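Here the structure is laid out as structure tokens; the discussion comes afterwards.
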Amino acid sequence: MKLAMIGLGKMGIEMAGRLLTAGHELTVYNRTMDKARVLESRGARVASSPSEAVAGAEAVLTSLLNDAAVEAVLFGRDGILESLPVGAVHAGLSTISIDLAKRLDQEHRQRSQAYVGAPVIGRPEAASEAKLIVIAGGSASSIARVQPLFDAFARITFTAGAQPWQASLFKLCCNFMIASMLETFGEAQALIRKAGSDPKDFVALMSEFWGSPIYRNYGSLIANRAYDPPGFTLIGGIKDMKLVLDAATGMTVPLPLASLIRDQMLSALAAGNADLDWASFTDTAARNAGLPFKRA
Amino acid sequence: MKLAMIGLGKMGIEMAGRLLTAGHELTVYNRTMDKARVLESRGARVASSPSEAVAGAEAVLTSLLNDAAVEAVLFGRDGILESLPVGAVHAGLSTISIDLAKRLDQEHRQRSQAYVGAPVIGRPEAASEAKLIVIAGGSASSIARVQPLFDAFARITFTAGAQPWQASLFKLCCNFMIASMLETFGEAQALIRKAGSDPKDFVALMSEFWGSPIYRNYGSLIANRAYDPPGFTLIGGIKDMKLVLDAATGMTVPLPLASLIRDQMLSALAAGNADLDWASFTDTAARNAGLPFKRA
Amino acid sequence: MKLAMIGLGKMGIEMAGRLLTAGHELTVYNRTMDKARVLESRGARVASSPSEAVAGAEAVLTSLLNDAAVEAVLFGRDGILESLPVGAVHAGLSTISIDLAKRLDQEHRQRSQAYVGAPVIGRPEAASEAKLIVIAGGSASSIARVQPLFDAFARITFTAGAQPWQASLFKLCCNFMIASMLETFGEAQALIRKAGSDPKDFVALMSEFWGSPIYRNYGSLIANRAYDPPGFTLIGGIKDMKLVLDAATGMTVPLPLASLIRDQMLSALAAGNADLDWASFTDTAARNAGLPFKRA
Amino acid sequence: MKLAMIGLGKMGIEMAGRLLTAGHELTVYNRTMDKARVLESRGARVASSPSEAVAGAEAVLTSLLNDAAVEAVLFGRDGILESLPVGAVHAGLSTISIDLAKRLDQEHRQRSQAYVGAPVIGRPEAASEAKLIVIAGGSASSIARVQPLFDAFARITFTAGAQPWQASLFKLCCNFMIASMLETFGEAQALIRKAGSDPKDFVALMSEFWGSPIYRNYGSLIANRAYDPPGFTLIGGIKDMKLVLDAATGMTVPLPLASLIRDQMLSALAAGNADLDWASFTDTAARNAGLPFKRA
């Protein structure tokens, strides 16, 4: 397929590499050009603007940081909206707000283009091994057209519904599930430390009990306070909790646990954890139990 | 070993069966005798009181419902405390309060007996397949003496610390981790239902993401509101959340998430869910989002 | 003084009346003209646009519903920003967001005009009796210039700081204090109803204890579920809690109690209370206790 | 009337003084005798045990610290239960648990004695000026008999219901209302401090708005962090919040705001505030906002 890929961050560059390997004809664009050059040697064409990148494409994938970056690429000067061909599909791989997802859907429809919400779960390494999870929202026919692209970097695709924004919601709920596990782990480990037990022993028990590497990995992060360098920053975590709370407010759904997490995160932010790993918001539970902080 | 087993509920009877299979010399006691008779045919001796059961035993295992049942078997008329031989070990397999675990430890010490806190994780079927998880608390030497007994019905034993009550704390924290997952799942599914998506799709995503059967099982329970018959009742869940909150209060550790769960459970109890599965406390999140209830 | 008054809702019209009585030269503007006509007979000049109203004025007072209405009057076509004379003062009497208050301050400064944040507490009747409370934020000299105007309809003016937005913050915190009292009253009355006592007896006790008519009035509203017609709607209450939470998030201050209230309000909104009095969000506490609803 | 008074703490001694002034025939008992001696000079008889104090009395008033002290005076060796005459009334002025209030009622009934729950609101100085508030629970006839005694030290008596424990519940709910006001004030002042405003200005506004000295007094305590010496200790506050939460759990009423306050108090306790004024639990809100502590 003739494709465009906008956004070559850690994740985007791996995805683009997989799409090239799969034999697609790819034009890439990134705000800073050096990243694009790497792909050029592998056969990608490098565009000098988003609008140029999507000219003539059957599909465009965007992998961008946040709502603002997506808005710039879509609606900004030289944005893709006006130059993407009629009938083409835009698959948005970023975690964005419900409101923006709804707006993208509408704007594309008005131009006889299709929008598929397709946020992914997993780290850049997972992309390079085709092990990501894709959450797709949109019409079945649109999803079917970009499914081969997802298969280039993902092990499985789940469908969230016929509306692109439903995929955003699933992704936000996934992050909420993780954040909730972190808060519980933080409270439990605070209790266990005050009881004189070793939180690492509790992490070992939880790893066995849940049978999930996520419990082992995050549990160990907290037990060791190994928050630097971050896998995902507290600032990013707060942004995602804000998105899920905004979505829930818009649908008149109280999420008391999400509210609690947001407040614990704000406390950690006030304590200076902004650029540490988001698991560091569990410092709040420890501090409120009167525990001193020891770094790994 | 010459053993006694007190308490032949669904779990206790499976454990006793495994101990017989392992070749131990076993005397059993249960408040109602018919359950004991089943084991008699397999070689167990049936005692008519707890004190008779432990006479001459090297170790006694107790598998009882709650603090009150443990207190009755220990301190009641014909309790085991006075007739258990000097040097014998009591392994308490029940989920009990921190305070009671401390008291048991002290009372046994005063009589030159040893107490090992050893609550288990898993269902009765897991016991019959030697797949339980044991959480052991106590002196290393005491735990070593009863380790072969645990191995008869458990796949692994984790150590929580040198104090028997630390094992109770680990078990309570484990239940708190599960309850927290339930609350999050409940809130997320409420949001997803209001968004017009199918919560079963979200459960499928979560099963894949966490790679844990616990997420699949409980997620499906909630999506289907399949709360009857219960695996573990709401009444039991409330009891355990009370125990963890009492333990935390005693150690001056605020657990805001445990408080939230307790309150959501009380709402579900007020709505009549007492004897439904404890996952049904997630009804509260759904009701507060204005969702109607549909049963599976 | 030569004044303009924009916004003639229930509150604005009373304020304008008092300003006329005090002898000021007043030009008024309202989106719908009939309200303005009433004041014309008392000597006010009626303008056909905000910009016309403020031409030549020494000060303008705005009494508008929310951020959107203020933005329309300031920045919209025929807005006041460009026609308000250099050196004039704008006193904003509405409850607006911190962000908008900051923007107004900046925009006026750039035009050598002054902005005073001046949200008021009290009901329209209090305005007609000169019994409102004004919360003023801004430079001391600017506040001094409009103080005589406030004295026309208020019994006292409190100063929140040298920044206009600090006055917004004080007003939002005041509403948070009231909402918190409502939630507590709701929870306590739920408990008292379930205990078989009469919540009206508890309201009588609280009225005596606090010595405040606010406890008596709101306590009785809740005891009688007298939520229709509303004094202030739930929709308005939710808006204000959102503003205080947004302000707090912007300053990295967790407000767990404000989060709790927001969630209780969302539950009441999901149950259909949008246009009832905001005290009706206490239905959530009653519902979660399993109490049936009886109307007064 | 021929009376006995048990418990001569700061409050009890003032009440006893008022009862003597009112002309009653009074026998007093206190664990430490020196306090009783002061009253002896004013005409009181001093007993050497609770049981001796109530022999022949028409009514006994108890003013004791907590459940344990009440249990000791009622059920302990030389307790009042067996020597209080048939037909006499026991008015319990302490803040006790619902469970103990129910037990006292039952035990007195079994002996054809009457029990009136009668916790008071106010400080010792208010007792000496007959300005306390009494909350009475019990049969109308029993309350009527001790009403003249209440009138000796109280300005008004409210009735909570025909059950003595309902008076305990009203008192606990009153303390919950105060604690909630404290938490809100703490959160709001944290926000206001971070906004660079002076919290004392906000306290002034709140005093005017609510028209209640309680807001002025507690608001100033928090603004000045004037927590030592305490009017009522954090330890006492935590005990009362535990009592209200226990009562609510027993009646299946979730009180999310009371849970929040309990957790904030535990954080303050973990930070070392045990013996400071209970208003100091608002330190938690300030600490979680990253604010440094300055003492008055």
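Should a chain be cited, it is by its letter among A, B, C and D, assigned in written order, with residues numbered from 1 in that chain.
FYI, contacts are C-beta pairs under 8 Å (C-beta built on N, C-alpha and C of every residue); 3 or more make two chains touch, one makes a residue touch a chain.
Just so you know, these numbers come straight off a predicted model, no measurement behind them.
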Chains contacting each of chain A and chain B, listed by label: C, D
Label of the chain whose CA centroid is most distant from the centroid of chain D: A
Whole-Å gap between the CA centroids of chain A and chain C: 40
Approximate Å spacing (C-alpha centroids) for the pair chain A, chain D: 54
Chain C and chain D: spacing of chain centres that average the CA atoms, whole Å: 38
Numbers and ranges of chain C residues touching at least 2 other chains: 248, 252-256, 260, 263-264, 266-267, 270, 288-290
Graph class of chain-chain contacts, one of line, ring, star, complete, other: complete
Chain C-touching residues of chain B, taken from the complex the two chains share: 256, 263, 266-267, 270-272, 284, 287-290
List of chain B residues in touch with chain D within their complex: 242, 248-249, 252-256, 259-260, 262-264, 266-267, 269-270
Residue numbers on chain A that touch chain B, as the complex places them: 121, 133, 135, 156, 158-161, 163, 166, 169-170, 173-174, 176-177, 180-181, 183-185, 187-188, 190-192, 194-198, 201-202, 204-206, 208-215, 244, 247-248, 251-258, 260, 264, 285, 288-290
